[in-house]
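Note that the chains are named A, B, C, D and E in the order they appear, and that numbering of residues resets to 1 at the start of each chain.
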Amino acid sequence: MQKIFAVLTVIFAIVVLWYGAAVMMNAKWVKEQAVRAKVELSTTQLISQTLSQDRPVVPAPHQVGMEFWKSVFTKNVTSKRSLVFHAWITLRATLLGFFIGTLAGIILSIGIIHIRAMDMSVMPWAIASQTIPILAIAPMIIVVLNSIGIQGLIPKAIISAYLSFFPVLVGMVKGLRSPDHIQLDLMKTYHADAKSTFFSLRLPSSVPYLFTAMKVGVAAALVGTIVGELPTGAIRGLGARLLTGSYYGQTIQMWAALFAAAFLAAGLVALVGMAEKATLKRMGMIR
Amino acid sequence: MHSDFHVVNAKDLCLTFETNDGPVHALKDVNLQIDKGDFVSFIGPSGCGKTTLLRAIAALEHPTSGELIVNGTTPDLAREDRAYGYVFQAAGLFPWRTIAGNIKLPLEIMGFAKSEQKERADKVLKLVDLEGFGNKFPWQLSGGMQQRASIARALAFDADLLLMDEPFGALDEIVRDHLNEQLLELWERTHKTIAFVTHSIPEAVYLSTKIVVMSPRPGRITDVIESTLPKERPLSIRDSQEFIDIAHRVREGLRFGHGDGAD
Amino acid sequence: MHSDFHVVNAKDLCLTFETNDGPVHALKDVNLQIDKGDFVSFIGPSGCGKTTLLRAIAALEHPTSGELIVNGTTPDLAREDRAYGYVFQAAGLFPWRTIAGNIKLPLEIMGFAKSEQKERADKVLKLVDLEGFGNKFPWQLSGGMQQRASIARALAFDADLLLMDEPFGALDEIVRDHLNEQLLELWERTHKTIAFVTHSIPEAVYLSTKIVVMSPRPGRITDVIESTLPKERPLSIRDSQEFIDIAHRVREGLRFGHGDGAD
Amino acid sequence: MILVILAIFIFVAACWINVKLANSEASKTLLLRFLVPAIFGLTVLVVWELMVRGLAVPQVILPTPSAIATKFFSSTHLLLADFVQTFMKGALGGYIIGCGAAVLMAILIDRVPFLQMGLLPVGNFVAALPIVGTAPILVMWFGFDWHSKAAVVVVMVFFPMLINTVQGLGSSDHMQRDLMKTYAASYWATLFKLRLPMAMPFIFNGLKISTTLALIGAIVAEFFGSPIVGMGFRISTEVGRLGLDMVWSEIVVAAIAGSAFYGLVAVIEKRVTFWHPSQRS
Amino acid sequence: ADDYTLQLKWVTQAQFAGYYVALEKGYYEEEDLNVTIKAGGPDIAPTQILAGGGADVVIDWMPSALAAREKGLPLVNIAQPYKASGMMLTCRKDSGIKTPADFPGKTLGVWFFGNEYPFLSWMSTLGYSTEGGDGVTVLKQGFNVDPLLQGQAQCVSTMTYNEYWQIIDAGLTPEDLITFKYEEQGVATLEDGLYVLEDKLADEKEVDKMVRFVRASMKGWKYAEANPDEAAEIVLENDETGAQTEKHQKRMMAEVAKLTAGSNGALDIADYDRTVKTLLGGGSDPVISKMPEGAWTHKITDAALK
């Protein structure tokens, strides 16, 4: 209850600040227009005009809210003007990419902690791979996959996986290495093989790390999908929606798409968080 | 009483740790034989290398020089044969497993049948007075109870050699007496060989066939006392003159080690 | 011997933990007075609530019901006055600080001058026989040495009330005797009030002016024994009839508690 | 076809050598620490070269490493200018501001329970805004030069950093916090003497993830408007001109700069969290 | 029917109305072609898609196509539906710019990604450096006209049919603006043409498909010119993003019709020569360094239009 109150208070503060920002940032344009039209504006006129522009620098909250409402609830979900439609396209690729990325991250991390050669050779390159600007190679990935006939969901999912595997890899390597000496020594005294040590000790110890990493990973996966949607011809999905909004300076539409993306991300992160709570509770690791 | 087969045989064993400010001689020129069926206690001031010696026997540390033979082979091979059960100084229970789950851990790893796992877990839980706590998580138990659980874990599979690093250090005297009796009984019944680290002179004297007194800086053996007490040991034996004499000798050995040390 | 001022005064103290399978009555109807200058030992089987009681006094747990007054005020206010030093059952040293750094930690927090910090750290390091280990990190020391460092840490600032939870549990008898003597000396010299959890009957009898025997499920006080031993206590006092009588009474109390319990 | 088979053969051979090297006695020496990844990287390059030639992939789709190297060394001037613009100004500036702000915010959130309840969910939400979407907006607000790139980086590194720091601040165990309580340590004393040191492994985790995010963020933001210098500018321009060799040269710069940045943070981590079991090996 | 894929240079909009009309009106079907139109976007280099085999024919601007040809990708122009260039530089009057002579010291927004060639040629014709200093300061302009509206640039690149109207929509009036059309400055280069890979022209079956494709496309274009509003609606239906507005597309179609009106699809050699001359005359850093050979063919249009 108190939590809801706290959240509402913060949201209220943000909305107030936002209105303030909208008035301030849009005022320049309104004033210029007024000078050009040679009219005097009263303060109330000025404010009301800054909050009702077609192409504002900062759209007012109610403008974004109305656009969001319009494109989420009043449109048929199969219509391409519905944000739900675009969000679903993006969500599919994100989930697939997140799945692939998490799996890849876990498998690589298992290899890295067990095979020295992999630890020494893969890790530096995994790091380097993340410094490659994804937006630069995304078109190439699309082109290459396109030329061998793969289109649609998969290329986007691959780009999304590329961004999400890294946090999972780093977190899992750390997690799998988190058991302390006594615990490892104990397994040694049982002459436990790598497999039992892994399943009985390393894996359970890594679970909290895995979930933390997955929270970052799922957000990254969404970013990856959106990036991947740009060079597929920017046809469908929230990424395409954002971009087309941007070509035509339709700030309000852009912000609405942005919020849809943020809701999606927050929802995904929350979902992982819930899975985390449930799992850790079952494992007796939260009290 | 001793067979001619040495379960543990250390010759001129040295073990040095390299630390950021110079080497620490945790063990220096240690010579020791433990025979089958022996109950050997290690006693000595803190930092004298008791834990290190036990760990070396368990192949968890590797000697810098000297020879160490366990079960007629190298410590490593002995470890791979699952020749011993080890009870650590700290409980080291896995927080994501219940107490029963922790006890079943070695059994799972060694491939016992599910039904037997449960049976054995129940048995050892009873042995350490933790009946009814099987489904609790470690952090729901007091430190002492945790340590008892870790003893149960090492008892669960029947290794011939038990290495115990101050297993009863955190327990109260009554439980300790109880467990001492039970341990002695177990030892007699099963002919296990036990290496046991303790800080308590009465405990060492009461339990052991052989008491190894150690001294720090560098860690070494200063005295090995073969106990003349009979195998049958009621608690009341602790009032006998023989007991008091042995305890006195251990105390003297310890004091000597201390005088020799830093203070 | 007692002033009329109670340093700790508990009336009908209850403390219940809610766990996922039912409440655990860690303390039930505990009544206890500790007077200024008292040396009170708590003894009892594992899980009987000794740690919990000490933590309640330290304002680390909050009683479910009943009244608890520390230094004439609430435990919380007493804590804020830095009225006590606490030694935990586990060492709990910060791994990123050296031993000396760990000892200086409370001094830094309490705003001692740099030079005094060093002086005090050196003094207490010597007191617990860890001279020369000041620059080592905790993980480079044996468990016992770590525990001694944590005692040094609690001694470093001169709190009037010392709460010690099995501080000597991991130490060998010689060091323990030595520290016991030193603790007694410190107590006499400084008129500190000490609450001390132990598992060792001789230790409890040797040190205390008052021995509190506890019993588990629910955790409660079964006996409070005022010691008739003189304040001046050489180690040899342990052979006196008076000592043996008190020890006997404690043992009986413990046994009673156990028989009452689960096993 | 022969080249392709050769590529596969070389790959297998190199893997074998690496496994041998890594398991050898000398595997802890500095030389091998560099040699093993170097062999791996070199192998990838050789396989790449052979595959591209063997399968006759057009250079405008994927240039060969040799072509990239040639371009790289003939355009060092341009690459340097781009590097300074994008990395030194955009990425680094944003990284410092973003990570700093996240740590401060984490402490603030931790300090004020009301914020903890109110701001964390909202913060999570706001920070979950996908960066690609915020980039055009931030470019609109902060102008074309590196300031807007830094702003994008700030937005990008904030979230992982905040999550990690908040988690790290909560990672001290009960006994340690109780100990500080017995000293009646103030909030700040507990923070600086216990919780921040304890949080360091987590904070460094965030810092490491953020290094790569920072670079990506700065480059991506340049796609949405920039002066005519910068790694992202060059990449987007050259893709359009089919200058793929130049694009890959920039990617090489990005990879080297990013790895070096990451390595630097890792080295600092090793020094700061020397006490953590994962660093003691 | 033969499958055939067209890669656009930009997102679905009236700029490409002719192809969508041909698709919707069944002109491709009549020619026994099964055409897929792939939308483009800011990260899509049509030439690269062509090289990767992702499309059979692409729409590109001639400068970028010729540059690609010099890079070793043998593109050939097979048809040129756009006769005139729609490129211009749009400046705010209040910046004090009246003629190109006022450019030095000003900040100009330019599209890159292969679209910068006409601008660079123009500047070198004028003799201005693009590196700042006493020349002009160049901004890589994003996807929209914000830099002009925000005052970050004094001029931005616009198309007569698209970005110019966005400025107007934003609230500036034509009186506030001054425009410099590339056509009028004598530096116009050819825009949206159809390009294929050279080796395809040697294959009779491929040539046949191209002929049918061009024929149907030009039919589409001519229909679109005649029925601009209907064409704009067809475009809107094909816009999968759902982001386009009717008002903007209708206006765009009207403007586009002006540019395509002069072409029957066949490349005008005079225009080609002018384009090449402009590109070669780029001073110290010309877009192309030598006369292109075989960069165009009338083979397809000749067959298609007869």
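One rule holds in what follows: a residue touches a chain if its C-beta (ideal position, glycine included) is under 8 Å from a C-beta of that chain, and two chains touch if they have at least 3 such contacts.
Predicted model only: the values in this text are computed from it and were never measured.
Undergrad: Comparing A-E against A-B, which pair counts more contacting C-beta pairs?
TA: Pair with the higher count of C-beta contacts: A-E.
Undergrad: Where the CA atoms of chain A average out and where those of chain E average out, how many Å apart are those spots?
TA: Those two chain centres are 35 Å apart.
Undergrad: Mind checking the centre-to-centre distance between chain B and chain C? Centres are C-alpha means, answer in whole Å.
TA: Centre separation, chain B to chain C: 28 Å.
Undergrad: Could you state the distance in Å from the CA-based centre of chain A to that of chain D?
TA: 17
Undergrad: Calculate how many whole Å lie between the centre of chain B and the centre of chain D, each centre taken as the average of the chain's C-alpha atoms.
TA: Whole-Å distance between the two chain centres: 49.
Undergrad: Note the residues in chain C that touch 2 or more other chains, in rising order.
TA: Residues 90.
Undergrad: By the touch rule stated above, which residues of chain D touch at least two different other chains?
TA: Touching at least two other chains: 61, 136, 140, 223-224, 236, 239.
Undergrad: I need the residues of chain A touching at least two other chains; which ones are they?
TA: Answer for chain A, listing residues that touch two or more other chains: 57, 135, 139, 143-144, 147, 230, 246.
Undergrad: Can you name every pair of chains that touch?
TA: A-B, A-D, A-E, B-C, C-D, D-E
Undergrad: Give the list of chain B residues in touch with chain C in this complex.
TA: 19, 21, 24, 43-47, 51, 89-90, 129, 131-132, 135-136, 140-145, 148, 166, 169-176, 178, 199-201, 251, 254-255, 258, 262-263
Undergrad: Mind pulling up the chain E residues that touch chain A in the complex?
TA: Answer in residue numbers: 11, 38-45, 48-49, 52-54, 142-146, 149-150, 166, 169-173, 176, 239-245, 248.
Undergrad: Over in the complex, which chain E residues touch chain D? Could you list them?
TA: It is residues 42-43, 45, 47-48, 51-52, 64, 67-68, 71-73, 112-116, 130, 137-143, 146-147, 150, 152 of chain E that touch chain D.
Undergrad: Contact residues on chain A for chain B in the complex?
TA: 182-183, 185-192, 196, 200-201, 204-205, 207, 283-285, 287
Undergrad: Where on chain A is chain D touching in the complex?
TA: Residues in contact with chain D: 2-3, 6-11, 14, 25, 57, 115-117, 119-125, 127-137, 139-140, 143-144, 147, 166-167, 170-171, 174, 177-178, 180-181, 212, 215-216, 219, 222-223, 226-227, 230, 238-239, 242, 246, 251, 254-255, 257-258, 261-263, 265-266, 269.
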